[in-house]
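Following are the structures in question.
Same chain, two partners: subunit A is paired with subunit B first, then with subunit C.
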Partner chain A sequence: MKHLRQDSFSPLTLGLFALVTAATLVFCVCTGSVSIPLSETVRVFARALSGRAQENTSAASIILNVRLPRVLCVLLTGSSLALCGASMQGLLKNSLADGSTLGVSTGASLGAALAIALGITLPGIPFAGTMVMAILFAFLSLIIILTLAYRLDYSLSTNTIILLGVIFSMFVSSILSLVITFASDKVKNIVFWTMGSLAGSSYLNALVLFIVLLICGTILLSLSRELNAFAIGEANARTIGVNVRRTKLIVLITVSVLIGVCVSIGGSIGFVGLVTPHMVRLITGPNHKRLMPACLFGGGTFLMLCDLVARVLLRPLELPIGVVTSMIGAVVFVIIYAKARR
Partner chain B sequence: MKSKLKRFRILSLVLALVFVVGMLAGCQKAPESKAVTITDMTGREITLEEPATRVVALSAADCEVLFAVGAGDTLVGRGEYCDYPAEVLNVPSVESGYETNIEQIIELKPQVLLMSTMAQTEEQVKALEDAGIKVVVSDAQDIEGVYQSITMIGQLMGKSAEAEKVIENMKATFKEVADNPALSGKSVYFEVSPLEWGLWTAGKGTFMNEIAEMMGLKNCFDDVTGWGEISEEQVLERNPDIIVTISMYYGEGPTPVEEIASRSGWENVTAVKDNMILNLANNELSRPAPRLAEGAKMLYDFVSGASK
Partner chain C sequence: MMDELLNVQSLTVRVPIRSGASSRAILDDVNFSLASGEHLCIVGPNGAGKSTIVNSIAQSIAYTGRITYLGRDLKEYRSVQLARILGVLSQSHEISYSFSVREVVRMGRYAYTPTIFSPRPADDEEKIDEALSLTGLSSIEDRSVLTLSGGELQRVFLAQLFAQDPQILVLDEPANHLDLQYQMQLFSLLEKWLKAPAPQREDAAALQRAPVDSSAPRRDSSSADASVPQRAIISVVHDLSLAMTFADRVLLLHEGRVRGFGTPKEVLTRENLESIYGMDVYAWMNRLLSNWQPG
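This part shows the complex of A and B:
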């Protein structure tokens, strides 16, 4: 049994991952649509940290008000989505499971769009109404898909779940289109909900993402052992003493919260949750004790790089981030899949 | 001398005869002259026996032109996005663009369908022509094109004089706002979609760009072609003197102008510092219609009023 071995990462390895992620973060903050010399970037940060007034105001605004909050949001979204993907793939013993393939993200989008269209808000807290609705709908989507899947095919085979996910996704997208048509004045952009965008992210967004990831991430990471058991099979998990029902429920709720929050802030960004765990597994192997923390760093790094491409490829134009993740993600996925088959 | 006079007489007689015959022919032709032949903006020639009295117009701009030339009462159907002038909302609406529904249009029994080149397929056009509906395409890409489409629609409706007048008015307004030295060199950023949905701007080849250039303003994003999603960083870097947003305000939350002014990092943009943000929310500057002139005037008044 693998999980009896001392198998989590050593602090050194974790430090190395953190270093790579941090380096990517710095690189993404220093590069962008507008070219700002590195020395200027350093000066902006030095002045900001020491509380002195900025000289070159446009550079300071760009770096501190536009780029940094956005890159932070991208990092946190990427980490969250990758962690969700890894958890669901383990829990369902299904290498194709992910928020986007199961239709959870689409469900969350529908919830968020409905909240905006109907003007559902929680007094006092900005964008909380959207977020709560997105979370609720994400959770409902998961429950619907899994209930249907259990009914149709108790073994929860990959094909059944994916097929149901795709069908559910299409169904929900059609309702989403309907909502957008009826409330086109408020819920403007279908591209936002289907391709995602983290343009215009604020520090507040980053803070919310951070707190949610901190709580949900801790919960999911602490369930690594149970996920290992699930990855072998639900029956196996039961025999070795995992409370199957409870674990499943906790993972599903946590994943719903993470996806719901991410979608309400950045729209639904596909492929990150699906592809990152596969890429990370090439390095870490299938053990969730290693896979999960590595996904945290891998997902963030992957999405930051994708966002960088979205920002600079066609400058001054910008691409929706989902276009980049889907393009890179699909290719990477096919390569990994083909290699695994061989 | 005499023969010369005689020759002159004969000549004048012949001329008079030609004249009379011509007049007669003209008289004979007169009942037919109600027939209208126009060439639409894809180069297709269309002949109507008389000016159209039942029209369906799919694009918002064509509806506006119809009303502007005084033929609004001939409209029996409109595209769903046509919203100006307010009377147009009383006309039954049909689906347009990619959802264009041929059956809906045929049911309204128009003589003419006015549409733009955007989304209709050749099969759709053929199906309409088979149903006896003349399809007239307007496709204005610049102000000159707008004049052309107004002239065309005027002819089609037997309202050429009115159309001429509309064009003259537009030209007069444009002349009034053109090339004010006080404005020249100022930079303007057109915001088509707000930050929340990703910033979109209007670049080269748009009416906004053409009007900005006419007024001597410089469009910050004239290196973008058409409408495009741009990076927020770029706006801050290019630091526009004037911001024009075409976002609509729905009566809750901050207005589009307040929203732009409150964006973090934008406080150092000249337009925000000088409070030079204009909201043109009713498609004045985005539709190939006579109101382009009004939009230009509003922009001009805003900019020149504040620059005093």
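This part shows the complex of A and C:
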């Protein structure tokens, strides 16, 4: 019946999304500079899942020690960044808002770089220093950009967002260059944050990403209705009963944590949060009850495929994943901007 | 005299002046009240502060003074409670995403399921269907709001308000973008909405228990009858004929100050209007209407 129509996905559709994502994961694990047959990959997975000892083959070693942790990190990073993009685009009613266009990812990179340059660490946890600094700087960046944007143009028009994002990114990049200049012995490590790469990711990285995504993703998904209201306009959200101040604060903190953690593990991977929600919105429409879960799967799938391209395009050479996403993202950015101008 | 639903006391809104540390009053010591079953029209020239009153009541700007609902300060209400009391229609709507008409109207029901764990009221979809039908949008409920004209969009947000089902409608220039046919329909609809009894709310019981400022007007316990209308409308209008025809009371504003508050006949006098608009409004209205006389 028409009036009983649901505006969220059925479990069957969600299951289908999960299946596609899982299939992409297996495909990405199989493919690389050394191709591993699907049957071999499935056998290794089956042994690992059942707890049986692995055969001493190079395929098992490549899959379990190199590719699987990496692809898992890519999947979780993609999901996180896409969810962040969709949330910010809803909150700010602007389809060009994203961690990279707003300069939040660059801000988080600066935090991570400062942690490395100044040797900020937390005892016992190897990468907690960079992570905390990245989260802190991501949040500070968002607050600075939005305060400026609201002061200059309360409606947060596309032009204001883009200009401020560009200016803020340039400003932060100049500080980042300064940090690199003064920390010459750690330059290689720091440059990594500006390029973005998930090569060499570990299971510990994947576990951290999973826990953070589980918590932050649940929070953001639970705010789908509020984000729908914001996507119509903040005044409208207030009218229908949304606590706008609280919602904004929760979304901004959650997004900062997610971006901060992603940047501290994979560096600054641009445009995932811009491209994925844009693509997904074409299929699901703008309702965040459908958009957000679809982004969760779509972002992971998109980034896994980008990572695959980065690994195989110039093999045996490997491109930084940020280069691939930025190339695709730049084109999509122009398309969205042109549509918005019309 | 019916129950007083809303009371506005000493409402003042100031904005800082760029050149110095001083500020300028957009609203200066505005006082008025809204009775149950009443349609109050706010009129005045551009820049009089009409929309600022709407924004103050909607709690979207900072103000000094007190705005109370049944004696309790609006600032004390949670957002969802406020949405069941007040429904605010803005002057303009800028849409960025292609939500369907029904999706936008459905958002009006937010206050009835404020958390994802709250059960959805059984009559939710019925209320949405009703609102769509009242505003003549049923046939285009699946259309994207990006494809609608200004008038259709205005009706979508009006339908959202009807679905929200508040006790008081606060409308900022509701006839904006509407052609004459829909203007007539809108004001007839508002009259009909006003006369219908408001649904009983648990908030009302909570309000009776809540501590209330002793200086504020109290509800007469004898009037807690379900048949007494609990609805009221505040609308900002530019067209003085609409105010003259549909308002029970009129608030006349000029440069942020109240220049008249009472029945349309008491307030919209030739002298009052001439002193505020700087022209003979009566003569102008008569000139406009005289061309419509037969012959």
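Everything that follows uses one rule, which is that the second predicted complex is superposed on the first by the 302 of 342 C-alpha atoms of A that agree within 3 Å, B and C clash if a C-alpha of one lies under 4 Å from a C-alpha of the other, contacts with A are read in each partner's own complex, and residues count from 1 in each chain.
Basically, contacts are C-beta pairs under 8 Å (C-beta built on N, C-alpha and C of every residue); 3 or more make two chains touch, one makes a residue touch a chain.
What you see is a predicted model; the values in this text were computed from it and never measured.
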Judging by the criteria at the top, classify the pair subunit B and subunit C on subunit A as clash or fit.
fit
Once the shared chain is lined up, is A:Ser197 touching subunit B (first), subunit C (second), both, or neither of them?
first
In the superposed arrangement, which partner chain does A:Val34 touch: subunit B (first), subunit C (second), both, or neither?
first
Put subunit A at the vertex: what angle do the Cα centres of subunit B and subunit C make there, to the nearest 10 degrees?
140
Taking the superposition on A as described, I'd like to know which of subunit B and subunit C A:Ser222 touches: first, second, both or neither.
second
Determine, under the contact definition given at the top, whether A:Leu64 touches first (subunit B), second (subunit C), both, or neither.
first
With the two structures laid over each other on chain A, which partner does A:Pro320 touch: subunit B (first), subunit C (second), both, or neither?
first
Please work out whether A:Ala231 is in contact with subunit B alone, subunit C alone, both, or neither, and reply first, second, both or neither.
second
In the overlay, answer first, second, both or neither for which of subunit B and subunit C A:Arg311 touches.
first
In the overlay, subunit B and subunit C get no closer at Cα level (Å) than 40
Subunit A residues contacted in one complex by subunit B, in the other by subunit C:
none
Contact residues on subunit A for subunit C in the complex?
3-4, 7, 93-95, 155, 222, 225, 228-229, 231-233, 235-236, 238-244, 281, 285-287
Subunit A contact footprint on subunit C (complex, rising order):
58-60, 78-84, 86-88, 90, 93-100, 103-104, 106-108, 110-111, 114, 116, 125-126, 128-129, 157, 160, 164
List the residues on subunit B that touch subunit A in their complex, please.
193, 195-199, 221, 223-224, 228-234, 236-237, 239, 248, 250, 252, 264-268
Contacts from subunit A onto subunit B in the complex sit at residues 32-34, 57-58, 60-62, 64-67, 119, 185-186, 188-189, 191-192, 197, 199-200, 202, 311, 315-320
